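What follows is a pair of complexes built around chain A, which joins chain B in one and chain C in the other.
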Partner chain A sequence: MSARRPSRFRLGGRRYSPAASLALAAPFLLLVAIIFILPLATLLHESLFVPAPTTEHYARAFAEPVYLRVMLRTLRIAALVTALALLLAWPMAWVMSRSRGLGLALLAAAVLLPLWTSVLVRTYAWMVLLQRNGVVNQLLQQLGLTEAPIRLLYTEGAVVLAMAHVLLPFMVLPIYSALKGIPEDYPRAAQMLGASPWATFREVIWPLALPGVTSGCLMVFLLALGFFVTPALIGGPQQMMIATLVSQQVREMLDWPFAGALVGILLVFVLALTLLFKRAVRLDRFVGSA
Partner chain B sequence: MSAARTHNRAGRMALNAAAYAVTVFLLLPTLIIAPMSVGPERLLSFPPKGFSLRWYAAYFEDSDWLRATLFSAEAGLISAVCATLIGTMLALALVRGRLPGKGFIELLVIGPVIVPHIALAVAMFLVFEQLRLTGTLLGFAMAHTVLALPFVVFTVLAALYRFDVDLERAALSCGAGPIRAFRHVTLPLIAPGLVSAALFAFIISFDEAVVSFFISDLDRKTLPRKMFEDIDFNISPTLAAVATMLTALTILALLLGYGLKRSLERRARAAGTAPDPGP
Partner chain C sequence: MGGTDGLAGRVAVEGLVKRFGPVNAVDHVSLEVSSGEFLALLGPSGSGKTTILMSIAGFEFPDAGRILIGQEEVTWTPPNRRNLGMVFQRYTLFPHMSVLENIAFPLKMRGVGRAEREERARAALATVRLGEMGGRRPAQLSGGQQQRVAIARAIVYQPRVLLMDEPLSALDKNLREEMQIEIKHLQQRIGITVIFVTHDQTEALTMADRIAVLDHGRLQQLGTPRDLYEAPQTAFVAGFIGETNFCEGQLAQAAASGESVTVALTGGGSLPAIAAEALPAGGRIKVALRPERLRVLPATAEGTTARVAEAIYAGNATTLMLEGAFGQPLRARIPAGAGLHEPRPGETVRLAWQAADARAFRA
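Now for the complex of A and B:
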């Protein structure tokens, strides 16, 4: 995000003065202070100082098996979603990086349209497909795989599948932009020197694609950890993830301190991952492409 | 050698097949709703058993749906204008200014993307109750502006990096004041970026579900919140009609944005300046 070619942005050697720069940034800072920092600080304050300075709300999240199970399920589902998304994204990103014209346009549209279609629309589509008398069950019966409709909704498999579908564009785009940067000569040269396709992949392509893969995996894992809409609707109470638990604490139990503690735990996790992989968080990949 | 080549070709075909299978996986769930939405029966089926627009009529005859749509459109327009304005100012300060605490501000920009929306939504719910912002247009506009700002700032930053500063310098040395130079030289050249940014911001606001879920109230709610309630209550066929219209609208918006961006770029080129095609 820092200026890559700073010399180009000096206006005749002059840059805006600190005062003018601050004035330009002021509306942003003011809005973010009221709508971003203040709410989060208030919520975390609830979790640590209500009714008195305490860590009991945090301890409760780890002490009670019900909550521990929700947190472990959240981690497991996020990991599974990331793995499935990577598996699906790789061939797509690879073929995209090697095509031009109409083929590229079709593949790019397939990635960008879901990215900008409402999450609710896509989640609803999965609910229609997976319900008891839905298309998937009809298909399974016609193929003779099951005799009676089986329960697909409210299972962990359904949650993982739908979330991987919803988050897939966030995996494809960074991998695509990494793969596009690999000149076609490199794998060809490796093969001419006698490397097998597998060796070419392992020694040439994978290392060069790794920054994109890391970036995609991090984005998908982070988004999956805090995902609300899809798990709440497709998983139901049986497959509760941490976001649904937070919502339940706020809306049904009115237990703000505990909800604050759950948010605090989630935030620590997310911030630690972000700082660990600071360079992998690249928004420009998602805005530059449309 | 030829064995290796056959092997390669088989591998390439397998990869292509996999890529197109994933394409189908990506598009099918959303697109299959369209034919299902014109089925006449309460139970949605594929293929539809007949043709009927009754679920579309159900949407247009329900004032609750229409009010929610209008409210979302208002919030989306205000958020798009505010986010583009505030985001452009910040991007200018980041690229051309001397900003104290720049690293911290950059962290703040990316904040609303990194922090899970559920955390923000619940936190805003808590504060908005006290500030009496729940269910108000002002509340939604501010919340959605914050959520859209990261995407706006990054889009405008990309446009500014692509912009050739020598052009503005030339205007300045020809006697234009800094504001005039910005308005007549810089602004038209970064306009395509601003259009994309505003479009992103509108779509983000219009589709935003999680924060809306918490800061709506009974009579002031956005379209996603109304959809959420209906999905949770029963998988009603009206939703299939709404989902189809929303998907069509998204396709239209993306095409429109693309076309507008292209025509602005053409005009900028025709003005005798060729903007860098970018990376």
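Now for the complex of A and C:
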């Protein structure tokens, strides 16, 4: 036991003094302050104090049906994206967690490769697939399922699908990491004790994977709430989400205070959710301390 | 419950074959365990013990052969419908459940009501002498306690057969020996059939009614601890169980198992022995002679003599390293306190043994 008083706050540990630790982290902290905190603070300040101290911008966001609809759609799409991503990610994460060597490397590459590709590229790929004379429509017609090209692009379904795809790695990785932590002997023991495969899943696998599932869902949901590129390009104006609305207010209406109010609402929502799931959001799962 | 009701707890493995690619993990193994019997599967690493156990459990499906439990063939039955108990080598208590919830889990899977579940789980916990620990999480228990809970969980639903795959190998020596006795007593008390995998011969000899010795996926010998020690049937068993001197040589004429033979030793001289298996004419032979079956006497003009190169005192016995007999180094062991002649290094001694203690095998 060290003589030092145990403290919940620790910076740098034994090797580096707090001052040295701060110095090491300074470039990053500075960058965050300049490109994130500062503009955000300015924006929020505008939403509350321009032209005079007021809540009018916030009231407007909730009063006008157009804006309310955008916010509700944003929530709905984010929820659907999360559900779809979970559905797609679980089997993948499961197979990965039971694979070794080259098999695992290939699966991991399939998950990570999209992460290393620009979101823009992936979104355009979806546009190519889904457009009027795109691959999907041609296939549907050749199979005789449809007679004329149907509208795929600029629908909510397309937005959900494309966003789920883009955000999939953020769901797969934490679930994979949680599943990998479950020794193969656990499900075996459960089966030996009389649990059917379904009961094994329900009673053992799922509860033990839950922290990973929760952090994956939270991550995807939060990212989906503020997603810009994919909904803007695939959803078009009909499927506008809140980020697109903010951008529109800033670039077309030049209404910075109102944009600030929208950002403020989003921020409060995100923070509230994060705090709610604080226990579940284990950032170390992403860093990968096994 | 209990092992007296005939065939219910019987396990039969018939002609089991399991290959993993080019590896014959299990190679035509047949064995039968009767109700209430304690059978140890003993063999070196990679000899196929776990694979046999997993086939009985239902996690491996054989390439050939059958598995029977009771009167019923279960070769293709999934593990959750075999109604067997199993304790694994690694700790497998579910970390998100309390000790009591862990033990109640198999009862829950069998649709037992909450109140009865709890009562039976408590009783099982008391059986393994951990009555106070029901509310704890597995992580708050020591390794030995975790394995005790795992045993309670595996017997709470009163299976006829309990499978154990090196359940004590993670424990330190003292605790392991204590648990060996405890498991043995528990098994006798509840009359359950136990199939116990181990690579530790002392463990197998201590606990088992019968031992199946495996090597390279093949069953070498199945018998009581005494059979295996006194009458090994293959050179592998003779070398694997206990300690032995091997003297190499050749045989002029073929011999049937049990016949008296005289082996011409490679190092010169000849050695009378009993053929432990059928021996071909002209084939290479190994004669096994246990160190403690060699009698060490003061030298006389007659008989086999050897020179004591080294004497190693170990409290309960003294081991002699001998030279000059049969043209090769030998070990002999003299028990302490029996008033036997204890020669010093450099002394010449005479060796004697019963003919039945020299067993000849195919090399």
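Structure notes:
One rule holds in what follows: the second predicted complex is superposed on the first by the 246 of 290 C-alpha atoms of A that agree within 3 Å, B and C clash if a C-alpha of one lies under 4 Å from a C-alpha of the other, contacts with A are read in each partner's own complex, and residues count from 1 in each chain.
Note that in this section a residue touches a chain if its C-beta (ideal position, glycine included) is under 8 Å from a C-beta of that chain, and two chains touch if they have at least 3 such contacts.
All values derive from a computational prediction rather than experimental measurement.
Judged by the touch definition given at the top, the superposed model places A:Q142 against neither chain B nor chain C. Set side by side, chain B and chain C differ in how many residues of chain A they touch, and the one touching more is B.
Legend: residue contacts after superposition of the two complexes on their common chain; A:L208 is shown touching chain C, with no touch to chain B. Look at A:Q191: by the touch rule set out above, it reaches both chain B and chain C. In the superposition on chain A, contact of A:I35 is made with chain B only, not with chain C. Once the two complexes are laid over each other on the shared chain, residue contacts for A:L129 go to chain B alone; chain C is not touched. Taken together, the two complexes place residues 191, 196-197 of chain A in contact with chain B and also with chain C. Listed in rising order, the residues of chain C touching chain A in the complex are 57-59, 78-80, 83-86, 88, 90, 92, 94-96, 105-106, 108-110, 153-154, 157. Every residue of chain A that touches chain C in the complex is listed here, in rising order: 183, 185-186, 188-197, 199, 203-204, 207-208. Considering their complex, residues 1-5, 8-12, 15-18, 20-22, 24-25, 27-29, 31-32, 34-36, 38-40, 42-43, 46, 88-89, 91-92, 94-96, 106-107, 110-114, 116-129, 131, 133, 135, 165, 168-169, 191, 196-197, 222-223, 225-229, 233, 242-243, 246-247, 250, 256, 259, 263, 266-267, 270-271, 274, 281, 283-284, 286-288, 290 of chain A touch chain B. Those residues of chain B that touch chain A in the complex are listed here as 4, 7-8, 11, 15-16, 18-20, 22-23, 25-27, 29-30, 32-33, 36, 43-46, 85-87, 89-90, 92-100, 102, 105-106, 108-128, 142-143, 145-146, 149-151, 154-155, 157-158, 160-161, 164-165, 168-169, 172-173, 178, 196-197, 200, 203, 206-207, 209-210, 213-214, 224, 227-228, 231-232, 235, 239-240, 243, 246-247, 250-251, 253-254, 257-258, 278.
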